[in-house]
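In what comes next, chain A is part of two complexes: it sits with chain B in the first one and with chain C in the second one.
Right, the complex of A and B next:
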């Protein structure tokens, strides 16, 4: 049985590209760049994981060996929560370098994550992360735009389109063949990158799990869909162009808008419309809430007086010295619980602003599928804002657990003992916090709008290509 | 005299075939038949409607009025079926310059869905078309125009096309190459293939055609059996029509 005309055409295209060395050159360059990206990311991740494990061990040792101490003093002595790097993070570090990697879990304050990798870098190098995701989203898409521009228009220019259409037993095969050929080329270029990335992920010092494997597969699928969209649009543009130069001009224009421009413009507009409050303003507002109170709860002094009155009434005594619990411990505990409410409120406002920013950025997906791909890529790599938020929330839950336990220990055991000191037994019971990785199902729940957007783009690009195929003529009307 | 096959059903038929581009009528009520083994030349200057006629038979254009039929079926109803029965040779046969002649032939042949062409069958075919078989393994970018025309014809013949449309196939060929191609076209027609050739070369048209249709401004203004006219007579008729039209 003879091959379909579309396959025949795809094979012919591949052979032509191979003969004139364009494909070889493009593949070699892309593979070299991708290998450099994978190796550099792997080195960074390895260094980060090494440092994290060393710091975590040192931190644990420091916590356990702090000796007898007032529990509240220990709450201020505090601990650090370190964010672990996930294996798929190698594929797309996204904003990891700009996000803090450790949270200081101290009493009275929910601190933001600190120690951003960018702080240790030379400013001039801050031109964006060089990663496998960048290579595919930026470089491979550009290469495919260049290849797709000539796909049909070049056949038209040199007159072979007329002979092809006249030779085939059925119409509509040209676009199918061109898309098939370009998909093969994309696979040729990308497969070595994915093999290298897969090897890097497997060799990663970060933990590799079934969850990580699913994430890597979803990440690959996301980028395959992006490349398919680029090919479908590129071929449709080529089919509607008089010359490959005209198709290239349109293709590059679309690429400039979709890849470098739209994501940046979206982020810039989002920040303008919904500005993130400065750290100074955020902390000043939180401190004001703590001091002046929220929701009619009164000032710190009024809340303290209310607590005192309440405890005296509850235990039927007239002085705090007669209380069966440590008033200092109870007071610290109440203060902590109030500040927790304040921080939850303030952080919710901050996260609300981030969500609004994300909605604005997502709206730009109308002009660029790359925005949805960037969101999905970071989500599957475990390096997006949702994962960072999950990490800081876990750290906050742990902070509250530790501080509450320390305050509770003081409240129960510090009765009539102003100089009460807890010992290593308590420190040991509160050691060993490990951040749990966010399951891929939770990550998917965060990015379903992006999946939907990407599918709409894929269907739209497919319809555009089908229409271009149905109306394909050897020459375009003047 | 036209050959004996003219009694057979036409491979190509135009009935009042008309094509307009806006206010301009490129082809005006053309009636035409080309039967198996028959060679019909459409003779006319640029813009006379010759290429538009070929495009209508290939289904690349839709008629504004009338019908183009291939093997009795309207092209408009099934352009793919029409193209499956036809071969096409352009004024300049554009091949893929980095692919060899053999690869070009195999590619266009495979597109047609015809059974794979064996090497022996291919070489016999090319030899019958006076194409140098030894050149098949060279990149097509190195071929002369005559060689490309013959390979283009080979693409059409190899798929066993019932009719072949040739758009100015002799244009730009040196006299020997043109003579060779005329001889080849006669041999192809002798095998029962209907040929519809657009040309403005009166003398070659007289050599190859059974019938010659003179076209000006989208109309076929004269139709003559090539054998009944000498080349100078044909030229005189043609020039007269041109002058009338200009007046």
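Right, the complex of A and C next:
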């Protein structure tokens, strides 16, 4: 049985590319670089998880061994929540370096996650995180554009396209062969990388679960789709170009816009249209709200006076000393609940700005599928804003639970005892916070528009290639 | 020569690719100007608002200190503990040109008597990490990443195209050496790519603040940017002197661009971090807290006004707080010093390994001139940490009765002055200039005796 013309062409192309030592060298270097990126990320994640577990154990020990103490003093001392790293996070650290890794769950303030890895770096030129995702999204796409540039245009230059069109039934078969050949080459480049990444994920100190396996598969699928889009567009450009140099110029132009330029331009524009307040402004505004009040609640002094009057009336007494509860505890509790409202509002505004920025960035997916791929890659790796928010929200729920419990203890037990101290029994009841991983279904719910965008890009690129195949001519009109 | 320049310019005007490249350059620079202007305006507006708030709070606090003699002593003693001093760190000079770390680093620090050095910059991280990891468009990005590619687009066939078409044989037969024509072509092509950058730089300078003060740094910045482009053009000429076909020249140049712009800077940054890993921040937290819990057991340092209503009690609380702070600072110091040493080692490693990529060297130099590099912010943080000790001592003296709580004492509290930025090292730039010179000499030597075939 004879092979189809498309398969014959695919084999011929693969052989030709193999003979071009420049391209083989570029491929080998890319693969080596990707493997170095996997190893580098694995080392970082391993060190991070080791430090996190040690610090969490020490933190629990400090909390439990704090001895008898005023409950509100303990609320100030409080605890730290450390963000665990997920196993798929090895594939794409994405926003991790710019997001904090630990939250101090102290009284009176909903703190942002502190200690960003990016603070521990000293370079001024930030062009991406050295990771497998970066290598595939930046370098492998460029390599495929270079491979694809000559796919049809070179045949046209040599005059062999005429022969191919004569042997094959139609231009579509020629293009199919070209696409098939490039897909095979892409698979040859990417497969060892994915195997290495899979091994790294499996060996990762972060817990491996069915959820993590699904995430890894989705991550691989996302990148496979990206590479298919690149190949389809690259071959279509080559089919419409007079020479391989012209195809290369157009292809590189498209790559520059799609890969390094569009995501940055999108982020810059998003920040310009919906600016994030600086940390200094954010905290100044929150403090002002707490002091001056919100929604007609009155100033801090007025709120305190209202509370005092309300408690005296409620318990039918005339002085706070006569109250059956600790006024100090009740006052701290009321103040805490008010500041919780303020922080909820301020953080909602901040998250609203982030969502608006994400919408602007996503709109740029019209120009580049890489933006949708970045969103999906980070979501499946568990390194996007949604996962960070999930962590900080869990920490906030825990903070409120602990601080409320401590204030409640003071309110109930501190009555008539200015020097009241709680002990280890209370600390034990409030220890043991564990961050729950975000399920993949929740991650998917955040990124379905990106899945849709990527599918549209795939269909569009496919149609472009089909059209280029149908209109394929040995010579282009002058 | 002028006639040749005009003729080549005319040819470029008719070349669609050259026009497209000029258009892309102008568009990208326009975007860089808009975002740069926005970034600078944000930073300055924040600073102005912060300074106004600080002035108001300071005046209010001074008034309270001035009235301290009329206040019951057990209440007056709380004034030094409650005083919040906000310091503003030094401003970068050209954050509108090179964003560098300007969006990442703190611009202020709030200091109280109870502030510990390890918690000095604890609450400023509210940026959108998802946007941050994508980076932003600034003039430095255009100069370092986009402009070289545009230059390659204009120059990959500056000689090889003529060689392929047979034109080279014709004009080599007439003129003998291609150098004059290549010099003319070089001038026009560099001008097409650099003109938008120059225009954008001048626009940012003209619409920005402190024109006189920024004139020198702007000139230096544009000089470094031009040097970076000259390196790329030298490489373009060299590759043209070797390559037989335009496609081969394009492939080699794209390979070099990928290597110098993306691979080397990203890999050496990751490598510098891996070789010199800073001690875990978690370790720092754990050490500070273990010390704090040991030192402050059975003591309430957070609300002395609620738990200890007497003058002596409150002074004892302040004293205990100072002691706890000292112990925590002592416990954290080895880790902090190790952290600083590792970061310094990272900086040194990066400085040497970056020499592999002239783009990385230029990027660091541009950030250095703009004062948005890591060194500038490290010096600011260090100065803020150094300011903590004298301020705490002065506040403690007032709280413990060693100095009267009065307007005079308030006025005598130490003030923070941002440190003068260290001069930007020149040798990395000299290195780029040296490499450029070598490449140019080599290219000229080869092109002087180039074959038309």
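The working rule: the second predicted complex is superposed on the first by the 462 of 478 C-alpha atoms of A that agree within 3 Å, B and C clash if a C-alpha of one lies under 4 Å from a C-alpha of the other, contacts with A are read in each partner's own complex, and residues count from 1 in each chain.
Keep this in mind: a contact is a pair of C-beta atoms (placed from the backbone, for glycine too) under 8 Å apart; a residue touches a chain by one contact, two chains touch by 3 or more.
Nothing here was measured: the structure is a model prediction, and the numbers come from that model.
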item	value
First (chain B), second (chain C), both or neither touched by A:163	first
Partner chain(s) touched by A:393 [first = chain B, second = chain C, both, neither]	neither
Which superposed partner A:345 touches (first chain B, second chain C, both, neither)	neither
First (chain B), second (chain C), both or neither touched by A:467	neither
Touched partner set for A:82, first chain B, second chain C, both or neither	second
Partner chain in contact with A:12 - chain B first, chain C second, else both or neither	first
Partner chain(s) touched by A:303 [first = chain B, second = chain C, both, neither]	neither
Touched partner set for A:265, first chain B, second chain C, both or neither	second
Partner contacting more residues of chain A (chain B vs chain C)	C
Set intersection of chain A contacts, chain C complex versus chain B complex	none
Chain A-facing residues of chain B, complex	21, 58, 60, 79-80, 83-84, 86-88, 90, 92-96, 98-99, 103, 107-116, 152, 155, 159
Chain B contact footprint on chain A (complex, rising order)	2-3, 5, 8-9, 12, 15-16, 19-20, 158-160, 162-171, 173, 473-474, 477
Chain C residues within the chain A interface of the complex	17, 28, 31, 34-35, 38, 42, 46, 49-50, 53, 98, 100-101, 104, 106-108, 122-137, 141, 144-146, 149, 153, 157, 246-248, 250-252, 254-255, 258, 261-263, 265-267, 269-270, 272-274, 277-278, 280-283, 285-286, 289-290, 292-293, 296-303, 306-307, 343, 346-347, 350, 354, 359-360, 363-364, 366-368, 372-375
Residue numbers on chain A that touch chain C, as the complex places them	22, 26, 33, 36-37, 40, 43-44, 47-48, 51-52, 54-55, 58-59, 61-62, 65-70, 72-73, 76-77, 80, 82, 94-102, 104, 109, 111-116, 118-130, 134, 138-139, 142, 146, 150, 243-245, 248-249, 252-253, 256, 260-261, 263-272, 275-284, 328, 350, 353-354, 357-358, 361, 374, 378, 384-385, 388, 418-419, 421
